[in-house]
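The two complexes that follow have subunit A in common; it is paired with subunit B in the first and with subunit C in the second.
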Partner chain A sequence: MRPTPAANLVRVAGVTLLILWSLGPIVMGVMTSMSTQPETQQVPARWIPEDPTLDNYRALLGGEKISSDDAAADSSQYGRAIVNTALATVVTTAIVLAISVCAGYGFSRTEFKGSKQLLWIVLATMVIPIFTIVVALYKLMAELQLINTFAGLVLVYASSTAPLAIWLFYNYVRDLPPDPEEAALIDGCTRFGAFRRVVLPQMRSGIAALTAIVMLFVWGQFLIPLLLTSTEETKPVTVIITEFIGKYTTNYPLLTAAGILAVIPPAIIALVLNRHIRGMLSAGG
Partner chain B sequence: MSGIQLERVSKEFPNGFVAVDGISLDVADGEFMALVGPSGCGKTTTLRMVAGLEEATAGTIRIGDRDVTDLPPRKRDVAMVFQSYALYAHMSVRGNIGFGLKMAGMPKAEIASRVDEAASILGMTELLDRKPRELSGGQRQRVAMGRAIVRRPAAFLMDEPLSNLDAKLRVEMRGEITALQRRIETPTLYVTHDQTEAMTMGDRVAILRDGVIEQLGTPGELYESPANMFVASFIGSPAMNLINGRCEMVDGRVTIAIGEARITIPDAVAAAHSELRGFAGREVCVGIRPEDFIDVADPADDDAVDVVVTRSESLGAELFVYFEEFAHARAQAAGAAGGLGNVGSAVDDLEATCRSTMVARLDRDCEVAVGERCRLRIDPTRVYLFDPETTGAIR
Partner chain C sequence: MTTGSTSGTWGSARRLLGFDLTGSAREGANLGRLLVLPAIAFTAVLIIYPLIVGINTSLHENVPTINAPADFVGLENYTNALKQPSVGSSAVQTVWYVLLALAIEIPAGLAIAALLHRNFRGRGLVMAVLILPWALPSVVSGVLWRRVFDPDSGLLNSALVQLGVIGEPHVWLADKGWATLFIVCVHVWGMLPLVALVFIAGMQAIPDDVYAASAVDGATPWKQFRHITLPLLLPSLVVALVVGTVNAINIFDEIYVLNGTALNTRSILMEVYNQTFIAGQFAQGLALAILVGLVTGALAIGYAMLLRRRTV
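On to the complex of A and B.
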């Protein structure tokens, strides 16, 4: 049935509203990032800068030192924070993929004594909110001397992301036809050989989706690194940005430029792998 | 000794369900054996046990001279064609066909030569560089066949390989597969739910039900001498009509009464069925194949019965006429079967069979009209008789 003109109008209006709602803050952020500090403090507010400038971006990417007088961090620390975030994201994603692809495949294709219970235990950890375990987590990491270490951060990221990833892969593999894998077993492969040569290539789309999901999740982590990192060598971009806020003054153009730059990598990931993410999230349905 | 041998092979799943119950089967070298039966009868499980994809819980499986019961699939030297073709989507046709050879560590040059040879046999040389997604259903089926034959295995296993094809292509591929199998003379176990496929392709056919072989024989044997009512109703299209009747002795001759109708069994036929006289005065189940009805115009023919045509289907060369004149007798047969607690699901099958409309296959020139009467005679030499208590054929 073709929608009526009125229904079309409502739909277009709804979608427009949704786009404005989603993109509005980003547009405002871009405008602010290209403004000067005095412009951001004008009353009434000035939305479009009179003389747009990219100085803040240059400072952030070029290592120049700009900051609020009373802020804990300055723009020169931004590059290192981006590298820290990217490194933690890539390493965590690699670890989570390795674990979840194998575990998801194992849980969905093989049955061993206690396998269902084990899966439930893994999945149950997903429902525990991170703020309920922060104190215990901090104590444990301190005990293991993993505070302010890259390894500690990755360990916590991986353990908090892996259950969701395992569950997604479990559903994804259940939807894959087992026949090619069985054909490979008959064609001379061991089970691992069939997994490596036939199942893994079949999973390409799922791996791409999971890569995106885990990367987006890790890139945006704030509470865990806030708790576990306090040195420039380990702080990620999410923590550094908050430190651009001074006690009494804040350089808003610098702050928003830092935010906009930080959004670009996950936005690219989401755009490129969008199709795979949708497929992954609807698997098992 | 070569071929495939199954000795009292069983499969019981962890939940206690017995899918295959002590099957013994011997597929000779070069033989094409079809396993046929309704859904859930255990045919695919049997095939998967031979392939090593399912573990047999009892019995012995031999392929060639080797006991392979406990060997993994890769060590059984079998090739399998799956219902879904199970092609490797990320590989080209060449990669798919040569995969098994690569796994066997064969030199590249020999793999290429064998793949080319298989592609040439199957007429798909020009498709070798394509990916499976770029092929039609029939072409994919050929690739799956190519992957199987290129390895020159000790046995072929095929799991409903034609069921995803359209009717025309299925008939075409049926011929191609049998011709190919005859050419390479590799013992083949072929699973299908389609009795036409089994009958037209198999040198011998094993009919399974509830994990047990009901009958094993050549297509002709199964059609002419079904061991029981299940086989009788399963083989043939349309299925055999099964009606409740009564065996009587009239003037020393065996006569079968079906409602008002009487069929006098020729002495030679009665003599060939030594058990038949023992059924005198007892209920029997009468099987009549649709083609064994004869349309008779003569109203004085005492051996003929009048039926009211409820539906007719012309297929051009033949005419199928449906009628329910024997409904009363059929209901009785269903009731008799209902009392047979010891024959398991045969009861359900029998009831389902007996409650369907009867059908006769007549000459295309017959003039019949829906709602009108038609006079039919049953060929007395072609009547099948079954014991309603055991459902077995009366020999």
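On to the complex of A and C.
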């Protein structure tokens, strides 16, 4: 079927609109982040900076102190927050990945007494809203003195992402062709040998996708660290960003520069691995 | 995030397990137990145990320090929580968030899927751009949109004043109706990619022959969409509804960034947050969180049953 010229026109218009909607706020953010504060206070508003500056980025990454007087945080705290977020993301992802790759394969390719029931229990926990668990976990964390610790934060992150990750990977393995594993077993491989040497390499794309999805999830967490962290040593970048918002005035260039910097790692992950991510997210239906 | 039916093609795995290859079924069972053990232990310790502790705490009197002994009070925390006027208003507000978000996400998601599900030049790039807003932290979505709605130097006010639509700057986020709409707008910006992906996958699963055959019979594109695409898309629609509903019920970050915990836009989770951590009513906050969980679970099950009834 060759599309008619009218259909083509609709497609071009639709795609243009979609790109404007998706990228517009990001482009506006970049513009604001390179403006000066007086420029953003002009009426009528100035969208494009007269003389683009990278001062805010320099302050955020160089440890300089810039902020509005009534804001709780200033730019010098940003570097540490990015490091906190990155560390928590990497460690959580490693834990969740190990658990869910093993469980995803185990639940879809092996069968033992009670395996289906166990799968259902694990998947049912997805329905429990994160908040119910987090409020309860807060109490346990307080008892174990894990509030404001890296370990406590990572455990709660992992608990809130693992069920989804297990489900996504279970679906992924279920749709994976079983022939290579069968061939390996016929050739005399043990189950574990086949898993390690044949199935693990076969799951490369799925593992890449799951890594990306879990990283994106953890990187953006806000409510959990808002409850569990209150020190500079543990606060992630999402929490620090909200503290740049003043009670009465907001330094928009600084705030948006902080936002744009925090967006760079997830944007790279999403763009580089987008084919894998799409494959995994749309397999579940 | 995505939730949906787990009953599906067990066929491939069955084939693997169906015949015994040098005792591989038993070996497989042992390997299986070993592989799922970490997940089970993890779920038990970090999800089920805290859930039990949480339910238990919600049935006891609120105590000022976390380890202090507390009296059993039954459902008192639940009734007390529901008696708060702010609980009622934030619950109603959350219903609005859910309804408005779905009202935009479902039609817009369908439109995007109709636009993108077939291959064309540059589609890969458009798809990459499409998922970008979903990948960004929702706090940052709020930050990126915040200046648009700022009353003093906001981009929206400036544009409208210059166009002569409004005479003087409007404090958008103080106006409940506008604030709700704008918060939903920011929320949808982040969620729409996921909903569109669900529909794209659903449309791609419909074989091309069906369309070709109906075209031979003289069906117009609209009739094809109405009578072929939509009915066959029902499973995707249910997934999209679950994803959209659960995420809208859990809305928090965008509101926090755009309007703080102001009462006029407060969602139910913000109310839980306020009761638990600001007012220090720990047991009562937990009771409310559990109620929200029950409603969410009931909705998810309701959607799933809708699907089952239509397909069986």
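In this text, the second predicted complex is superposed on the first by the 267 of 285 C-alpha atoms of A that agree within 3 Å, B and C clash if a C-alpha of one lies under 4 Å from a C-alpha of the other, contacts with A are read in each partner's own complex, and residues count from 1 in each chain.
Definition applied: a residue touches a chain if its C-beta (ideal position, glycine included) is under 8 Å from a C-beta of that chain, and two chains touch if they have at least 3 such contacts.
Because the structure is a prediction, the values reported are computed rather than measured.
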item: First (subunit B), second (subunit C), both or neither touched by A:Pro180; value: first
item: Subunit B versus subunit C as contact partner of A:Gly193, first or second or both or neither; value: first
item: Which superposed partner A:Ala6 touches (first subunit B, second subunit C, both, neither); value: neither
item: Subunit B versus subunit C as contact partner of A:Leu23, first or second or both or neither; value: second
item: Comparing the two partners subunit B and subunit C, which touches a greater set of residues in subunit A; value: C
item: First (subunit B), second (subunit C), both or neither touched by A:Gln42; value: second
item: First, second, both or neither for A:Ile264, with subunit B first and subunit C second; value: neither
item: Residues of subunit A that lie at the interface with subunit B and also at the interface with subunit C; value: 177, 182, 185-186, 188, 190
item: Complex interface listing, subunit C residues touching subunit A; value: 1-4, 6, 8-10, 12-13, 15-17, 21-22, 24-25, 27-36, 38-40, 42-43, 46-51, 53-54, 57, 66-67, 111-112, 115-116, 120, 124, 126-141, 143-148, 150, 152-155, 157-158, 161-162, 169, 189, 193-194, 197-198, 200-202, 211-212, 215, 221, 235-236, 239, 246, 249-250, 252-253, 256-257, 269, 272-273, 276-277, 282, 285-286, 289-290, 292-293, 296-297, 300-301
item: In the complex with subunit C, residue positions of subunit A that touch it; value: 1, 7, 11, 14-15, 18-19, 21-23, 25-26, 28-29, 32, 40-45, 47, 98-100, 102-103, 105-113, 115, 118-123, 125-133, 135-137, 139-140, 142-143, 155-156, 158-159, 162-164, 166-168, 170-171, 174-178, 181-182, 185-186, 188, 190-192, 195, 216-217, 219-223, 227, 238, 241-242, 245, 250, 252, 255-256, 258-259, 262-263, 266-267, 269-271, 274-275, 277-278, 281-285
item: Of all residues in subunit A, those that touch subunit B in their complex; value: 177, 179-180, 182-190, 193, 198, 201-202, 204
item: Of subunit B, residues touching subunit A in the complex; value: 51-53, 72-74, 76, 78-80, 82-90, 99-100, 103-104, 147, 151
